[in-house]
Structure formats: C-alpha cells, structure tokens
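Look at the two complexes coming up: chain A is in both, with chain B in one and chain C in the other.
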Partner chain A sequence: MQGQSGKSRGWALLTPALLWTLLFFMMPLLIMGTYSFWERAGMKLVRSASLANYEKFFDKTYFVGSLVNSIEVTVIVTVVSVLLAYPLAWILAERVPRRWQRMALILAILPFWTSYVVRSYSWLLVLSEGGIISNFLLDVGITADPVSFANNRGATVIGFVHFFVMLLTLTIYANLVQLPPSYRKAAADLGAGPVQSFVHIILPLTLPGIMVGAFLTFVLCIGDYITPQILGGNRELLLPQTMMLQISRRSDFPMASALAMILMLVISVVYIACARWLKLDRV
Partner chain B sequence: MSILNKIRISGICCLTVFSAAAFSVTPVQAADELNALVWCDHTDPALIQPFEEKHGVRVNLKEYEGTGTALAIVEQSQPGDWDVFVIDGVDVPRVVDAGLLAELPANELPLDDVFEQVQMRDVTMRDGKMYAIMEKFGYNVVSYNKTKVDPADMRDLNTLWSDKYKGRIAVYDYYIPLMDLVALKMGMKPSDITADVLPKMKEALFQLKENSVMVGEVVSSTTALATGEADILIGGGEWAVAVMQSENPDLDWVLPDQGGILWSQSLAVFADSKRKDLALEFVKYVMSPEGQARLATSSCFWGMPANRKAGDVLTAEQKQALRWDEQATFLKNSHRYFIPDADLDAKMLDTWTEFLQH
Partner chain C sequence: MTVRTDLTALLRQIPAVAYALLLYGFIFLPVLVLVTFSFQESRVPVPPFDGPSLQWYQAILEDRRLMSALANSIVVALVSSAVSVILGFLAAFALARFTLPGSKFFQGLLTAPLTVSYLIIAMGLLITFNEFGVPKSLLTIGIGHVVINLPLCFAILYSQMGEHQRNVEQAARDLGANEWQVMLLISVPMLWPALFASFFLSVTFSWDEFIIAFMVSKFDVTLPVEIWSMLRSGLNPKTNAIGSLVFLFSFVIVLFLDLVVFRNRKT
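Take a look at the complex of A and B:
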C-alpha cells in the first residue's frame, strides 16, 4: 500500500515537469520537425512531405559553411571560456575569504543583469575604431593609426566569452566548494605536491562541473543570433543567421525548421558524446 | 475525486491558461484601441500621441523588420487582431495577392498631393481598387563622412569597387536595393536583373565584400558610420544620416551619377480589421501634412514625406537635411525597387547569402 502511494506521489511530483517538457519542448520540436518536411512556394506553404529542404542544405555550400562556422566559433568560445573560468572559479572558491565570496559572486554575475543586446552593442563601441582599446593603443604609441577589432569573428568570440565565462565560473565554483579539504590533505600526506593534487584529485572531481558548464555554453552559443549579428559584421554567417535570413526575407519557415533540426541533431550528438565519454549520468 | 486527480486537473488547467496567454501574439484589443504592425519610425510618440489624444484611443504598435517577419506575425494571429499595416512598397502586390488588405477609399485620401513618381498606382492598386498608399520614401544610395572621403568620389559607384576606399565601406544588408545598385554599377537598370546575370552580379558583390569592413542592417550599418568604423555606407541615404546630422554635421549622402534606388513604405488597412473606420482615420492622419512632417522626421529614421504638402509644415533645416529642393532631380534619376518573381527572388537571396558568407 505504501509502495503504491509512494508511486502515485512520485508521479504527482513528476507531472508538472513532464507537462512542461511536453508543452514547451516536445510539441514545438514536433511542429518544427513537421514543418521541416514541408516547402514554401511563393507565398504558399506546401504541406506535402519531402526531403527537399534537407537536400537543399547539402546542395548549397553556404548552408554547410554556416554550420561549420557555427561549430568552429562555438568550440573556440567553449575552450577559451573554460580556460578563463576555471582559474576565476578557483580563486573565488579557494583564495577569496568566505565572507567576501558572496560579494565576489554577485560581481561575477553582474553582466547577466544587463540586456544582452545592450551588452553586445557596448562591445561594438569598445572594439570599434573610435573605441577605448583603439584610443589606448594610440595614446601609448603602440599604433600610429586607429585600429578596429570589431566586425569579425574575433569580436563575436569576445562577446560570447564575456558572457559564458560567468556562466562557467558559477558551475565550476559550485563544484569546487563541494570538495572536502580533507581530499587535498590526504593527497599531501601521501606525498602529492600541489600540481599532482590538482591534476589527479581536483581536476577529475570538478570535470562534471566543467562539462555541464561547457555543454550549456555549447548549446547557448551555437544557437545564438544576436552576438554574431551585432559583433560579427556579417563577415561570415553562422547557422542562426542563415535561419533568420530564411524567415525575415522569405517567410521560409520550412527551410528554417530544417536548419533548426540539423542544429538540434548536432547538439544531440555532442551531448551523447560528452555523456558517454564522461559518464555524465553519474553527475 | 482524489486529491491527486484534483492536482492533476488543476495543473493542466493552469498550464492551458498560461500557454494560451504566453502564445498570444497580439494584445487583447479593447474597444478604444487600434493595433498596428509598423516600422520603427511609427513608434515615435511625437507621431502617435496627437492621434491618440484627438480620437481618445490607444494605438498599440508592434514593430517589425522584414516583410517575412510581419507575415509570420500575421499568420500566427487571429483574423481581426491587426488593423493597420505599414509595409515595404515593394511588397504590397504580394500582400494584396494574399488577400490581407482592405480596399481604401481613394477619394478620401490625398493621393493627388503625393509626389507623382511615388504614387506607384501600379503597385498600390489592383483592378481599379486602391489597397495601400505610399507614405514615405527615400533613397538607397551612398552615405559618407565628408571629412574622411572626397565627396566628388561618392558620385561614382565605381569608386567603391576600386582600392581607394578599401576597408572603409559598410554595406547595408538588404539584398533588393543593394543588388539594384550593383546593377546600376554594371550599367544595367534594376529591372534588367535576370537569373542569367546573377553570376556576374555575384562577382561584383564579392569584389565589394573585399572592400567592405562590415555588412549590417539599419542599426549596425549606421552605427558603423557614426563610430567611424566605416566612412562610407553603400545603400545608405537620408534615412541613415539625417537623424544624426545635428550631432555630426560631417555625415552626408549623395545620389551617384549612375542613379539611385527609390525606397518607399506604404500604409494599408487589414481586410479582417474590426475597426476599419478608426484604421482609416489613422491612415488619413498619417497622410495629413502634419502627420507626414512628423513621420518624415521620426526619431528612428528620417525620410521624405510622400505628401508634398508636408513641405509647408517642415522647417527650413529639416527640408535641407532631406534635400527637399533637389527631389525633382533625385526622383528623375532614381529607379524603383525591382520586384522579382518568387523564383528569381529566391535566386537573388541565394546570391546575397553567398555574398554574406564570402
């Protein structure tokens, strides 16, 4: 009897989450998947199933190119963000006194409180020819002429990294503060130096935090439209920009849906690879 | 009914209500409200407030960029949700084809006061019925910073393809007017664009990309000009610089010798509108000399008012920024946006996407 009641209670608690996932994830995905097999002909939607949009994806080099660009940018952003976030999280968890950690965390997440669009335009002003970096280089005599760092892939990466370093710092910090100090003491007792202790004890134990943050970074970055659109200057197209071109210019939702499904597939493959490699099911 | 079932049912009800609210595309319309799908220049309170006060109504404005986006919004709305539609002049025929627009009473609107070349009756009328009226126009030409470039150079489109201003050019990201300008540079008229000439146009676009520092939509491209990131904006015009000229008088624009591309935006009433009378009053207000002057000098972007009588309301400085006195020459040397059929449009967009990816 108690088992039956516990099972019902479990389902009751699970139902909101299941409904939420069904309504806001599975249903939109199903609709998008269905759309991806339809076609846009002029102003009309042709509701007969075909693989035309997927064939077009492989036929047009710019579609495949934009996916490759997206993957390249996302990998660079994820790697750079992890490399910057880990030391930051380490300093926060290990070097900043407990009473200051809360304040330090608030400072770390302050950029999240600003509008994403405003933040991207702010970076555009900082990186452009009349921006503070160019002016500084001119003032100290490193360059004779104004220099622009905006409107290219580097600017897009900077805009992304600024945002995702904070996200990763939080996930890694949460992992680091959970590690009992006794682990390091035990390693030291057994003769391990700080580097060995980090490589063999701390890093493996914080890998789940890194991977969760890195995967979130990957997903959010590869699907982002705003940052490359504002900071990239259309020097190259990323997949979300190509999707938007289909919608804003031609209302071609079927083609945009096909591109979204391909993006979803890439993300799924990355997730499965991460999960298998790191056995994320134990996180 | 068990507590568990009650929880389940109430949960489903809450989610259903929440979902319905979350997915509602338009605001619920009260009796004294008008819903308008507009470009950003209509969101200036200086334009909207006088109408709201006079009629004691509220105008709900939904701003969009790109006709495709607007049509997607309309598709996802209930019939009657929208009353007024501000739409790219070039796209009126396809929206009429889709049966989205109501007939406008031509005799109640100041069509005869609209600049003759801007009336575009072939676009706004179908079978003798009027479905839209042009409200504002301007040019996709060349904007520049006159302290950084030689203004005389800006009169020849070929200069932008030479090495002289390599890395100093921003490109406005809209394929129709830009490919029209490329056609002019190649010695063709925009209406000469066919699928056969697209490979050559692609070559010209790739050369332009080599010379450009960025390709951006309205805000990004004008920001590039304002911050000094670029000295020239191809595809720009009065809309890109007039609003900034009071702060930066060095910004200017010119119609090249090869000609310019005339852009136009129109005003229409939705066929399914439940407030057609009020919507028509809104159209009449925007087309009045006062409404036209406010629209022309909107804080979002400036442009020529379609109604020439707005000239009586605009100040001398405003008319100077709009090059009011040169309009006769500009209009004579301008070409309307080329309207490709769906097949050619798709091919042009393909070419443009390759240009962006280049």
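Take a look at the complex of A and C:
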C-alpha cells in the first residue's frame, strides 16, 4: 500500500480536512492580517498598506489601556485560580478515598457544563443589587441598603476564577494522581518532612501540569468577551470588548483586525515564554 | 488503633474538609441560585424565593424565537460535529497509515486552530465572509464550528490509531479486503469509542459556543446567542429557566459520555 497509488490515496483522504483548515482558518487569518494594515476612512475601506491602526493603538490610552486591563485581569485570574485549585486537587488526590475520587472530581467540575453565557448570568444573580449576597448582608445587618457587587473588575475576576478553578482542578489532579507514592516514601525515608517533600518533590513534579493549566487559563481568559461584558460593566473595558465595539459601533474592521493581531501577538509571546514547560503533545 | 489516634487523625482532616467544602460551595453557588430561582413565582429572580412555580418553564416553551434557536442549535451541533468527525477521521487515517512527506507539518497545521482564541477565529471568519459577500446564516455558524472541532476530532482519533489496529488492518488486507473495506469494516468498528467520544465532545462544544455563532449569524441564531439577547432585559426568571434546561441537557450528554463511552474503553 506504500506504492504510488497508495500514496495518492493517502493524499486524497487528507485533502478535505486540509482544505477546510486552509480555507476557513488560515485564509481568514491572512485576510485579517492584511486588513489590519488597511484603514477605514469615513464609511470607505482604504486598501493601501499603512501602520495607521497600530499607531492609533499606541497613541490612544483607550486602546492601550484596554490591553493593560486585560493583562492585569488575566494575570490575577490565573494566579488566584491556581492558588485555589491546587489545594483542592491535592485534597481530591490524597485525602479522598480512591473509590470516591472519581465521583468527587465529577462533582467538582459539574457546573463546568452549564452554558458559558448562563454561567456569567448566574454570577450576576449572586452579585447584583438585591442578589443573594446583598440580601444576606441586609439580613445579617451589615448593610442598611442593598449593595451591588457587579459591574466592576472584581465581578469579572470572580466569574473567571469560578470557571478556571474547575479547569485547573482537573488538570492538576490528573498530574497528582500520576505521581508514584514511592517517591514520597523515599523522601520520607531519607528524612524529609511533609513540607520538604512537598516543596522539593511534589511541587516540581506537578509543575508541568500547573503550567499547562495556567497557560490554558491565560489564553482562554484574555480572549474572552462574555464574562467581562456581562459582569464587568462599562467603566473599564478589556481588549475583547474594545475589539467588539470597533465592529458593532463603528464597523471599523481594520482597527478590529489590528487589535486581534495584537492579541495574537501577546498570546504568542506568553507561549514562547512558557514553551519549555508546555509539552502540549503530552496532554 | 486506639480511639485517641482515631480522633487526632480525624481532627487533622478538618482543614482539608473545610477547604473542600468552601470551594465546592463557591463552585456550586451560582448554579444553585440559577436553578432555584427558575422556579420563582414573581418577575425577579432575587430573594425572597416565592415559588415553586413552573410558569417560567411554560413561558420558554411558548417562546417561538427561543424554540427555533433551540432547534437551530441542535441542527448546527449535529451536522457540524458529524462533518468534524468524518474529516478528522479521514485525515487521521491518512497520516497514521500512509507515509506522506511532511506529515509532521500537516499534523501541526490541522491542530493549529486549537491554539487560537475563538474570538480571533470568529473575527477572521466574519471579515472573510464579508469580503466575499457570503451571507451570514446557520451554514456560516456551522463552518466556524467545524473549524474549532475538526482539530479536536483529528487529535483524538490520531492518538487512538495504534499498532494493534494496524496489524488487524494488514491481516484484512492480506485476506483480500480493499482499502475502503478495511477502513469501514475494520478501522471504524475498532475506533468506535474514540469516534463516539469525539462526536459528543464536538456536540457539547458547538452547543455551548457563543462568540463565533454571535459574529457570523444574522437572523437565524443558536441558543447561546438568543440567551445573550434575553440578557438585555436584565434579570429574568425566564433566563433562569432556559439556563437550567441547558445545564440539564449538557449534563445528560456528559453523563452519557462518561458512563457509556469511557466505561467501555476501560474494559
């Protein structure tokens, strides 16, 4: 089957998927990249190359600020999510009896399967004025009037952290259960306490899992439009929001394309920075 | 073991138990609130709870737009997932069974969309469809969903095409089966669990996908996009009701996947 006819049959099988990827993934990226060097003047598209959009990006605090906001929120979310998820994954892997672990894990990521839009909306129910928390504070008597915890950066962060704690618990747990128990025993035999054994054995060995999860968190978080749009309010915009506004309010596709290219660039830089921990083919 | 060591062992568990409970609480809080207030009697889904009432579930069943969005979502999910699985399978078969020049490169190319944000894929498609004057419809949403699910199906199926299957396929070939017979009668049945898993994973991703569906649709929308436009009316028990149903539906798919498909693979 490795003859000439076999080879052409192989190509024939590969072609549909390849064509789809080239036509609907590579080509749109190239067109978007080209658009980012064009300009919108009035309602017209000026099809000549310039760096105008990129200059505009660095000139206006509106644009740069939204990127800075995005990076800040994403870094906070990633760090907080890892810090919250690691102990939970550890408890699931080490403290929960074997036969209950699967059940406990499924339970821990159950709300993962609510619709993404609905999940952010649910947090609005919890955080908004008159919502569960506001109502609780009123009942306890901490506040006299209903308070709103929505429409700010904190709400966006909570919505994100909720999603990514589940994701990271899953990836870190998967990493922890792969560790042979003999490692810890060996460390204990050689005189290491539980803390030492954690810092020198467990943590370094689970670092790849943490990094993969953290990178995934970073990419998904920085490119998300829904959570900040529903929970964050309008006072502080993140990059995906300014990008969408360029399209919906101004139909400025070239500027939106430039913002998308900048977002891709940021993600690539983070990827290269983390690359030595990210052996994605192992996942 | 004495009672005392039992007790200290138990006491040492307290921080772990407390932490786990706290986090489970955090994880479940919004879902519990969502589902509880879908049974609200009055018009706002905030305390005090004055239900239970099923009127909001009835309201969504009578909502034409919502029901047609639901139907659209199901059609798009099933069709785009089927296309993703078929294209992914053919490509995986080609790269696993034929020695083609540059096969590493093609693997990279086919899985590349996994590393790009949905938002960027959505924007690229929107601009491309505009540029070529392609009208936005369910078809364009489906095209986008194949773009995000094809790499996934390909990666899952490619990883499952091992040596064992290759030997059985070779045996069938030696016994006179042609290439199509080998593929349909040997490879497909042997890969059944992986095919099933990638199909249902694609269905859940397509079912829940918002940003692509939002950007490349116009009049016919999918369920997440319709829910999105319902949010403009603020907090509404009707949104709670449809949200709870969507959750139930996704949960059933995942449970089914876990019990039927993955259980099978282990045995």
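What we mean here is this: the second predicted complex is superposed on the first by the 247 of 283 C-alpha atoms of A that agree within 3 Å, B and C clash if a C-alpha of one lies under 4 Å from a C-alpha of the other, contacts with A are read in each partner's own complex, and residues count from 1 in each chain.
Quick note on the criterion: a residue touches a chain if its C-beta (ideal position, glycine included) is under 8 Å from a C-beta of that chain, and two chains touch if they have at least 3 such contacts.
What you are looking at is a predicted structure, and each value in this text was computed from that prediction instead of being measured.
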- Item | chain B versus chain C as contact partner of A:230, first or second or both or neither | both
- Using the touch definition from the top, say if A:172 reaches chain B (first), chain C (second), both or neither. neither
- Query: For A:60, is the partner it touches chain B (first), chain C (second), both, or none of the two (neither)?
  - Reply: first
- Task: Could you say whether A:77 touches chain B, chain C, both of them, or neither, answering first, second, both or neither?
- Result: neither
- Task: For A:247, decide between first (touching chain B), second (touching chain C), both and neither.
- Result: both
- Task: Go through the superposed model and pick first if A:260 touches only chain B, second if only chain C, both, or neither.
- Result: second
- Message: One more residue to check, A:124. First (chain B), second (chain C), both or neither?
- Response: both
- Using the touch definition from the top, say if A:210 reaches chain B (first), chain C (second), both or neither. neither
- Query: With both structures placed on chain A, which of the two partners, chain B or chain C, ends up touching more residues of chain A?
  - Reply: C
- Message: Looking at A:89, would you say it contacts chain B, chain C, both, or neither? Reply first, second, both or neither.
- Response: neither
- Set intersection of chain A contacts, chain C complex versus chain B complex: 12, 16, 20, 121, 124-125, 128, 130-131, 230, 247, 253
- Message: List the residues on chain B that touch chain A in their complex, please.
- Response: 4, 7-8, 11-12, 15, 19, 65-69, 71-72, 75, 94, 97-98, 173, 175, 213-217, 220, 223-224, 227-229, 342, 345-346, 349-350, 353-354, 356-357
- Interface with chain A, chain C side, in the complex: residues 13, 16, 19-20, 23-24, 26-31, 33-34, 37, 44-48, 87-88, 90-91, 93-95, 97-100, 106, 109-110, 112-113, 115-121, 123-128, 130-131, 143-144, 146-147, 150-151, 154, 173, 179, 204, 208, 210-211, 215, 223-224, 227-228, 231, 235, 239-240, 242-243, 246-247, 250-251, 254, 258
- Message: Under the definition above, what is the set of chain A residues touching chain C in their complex?
- Response: 1-2, 6-7, 9-14, 16-18, 20-22, 24-29, 31-32, 35, 84, 87-88, 91-92, 95, 106-108, 110-111, 113-119, 121-126, 128, 130-132, 135, 162, 165-166, 219-220, 222-226, 230, 240, 243, 247, 253, 256-257, 260, 263-264, 267, 271
- In the complex with chain B, residue positions of chain A that touch it: 8, 12, 15-16, 19-20, 23, 41-43, 60-62, 65-66, 121, 124-125, 128-131, 146, 148, 150-151, 229-230, 233-237, 241-242, 245, 247-253
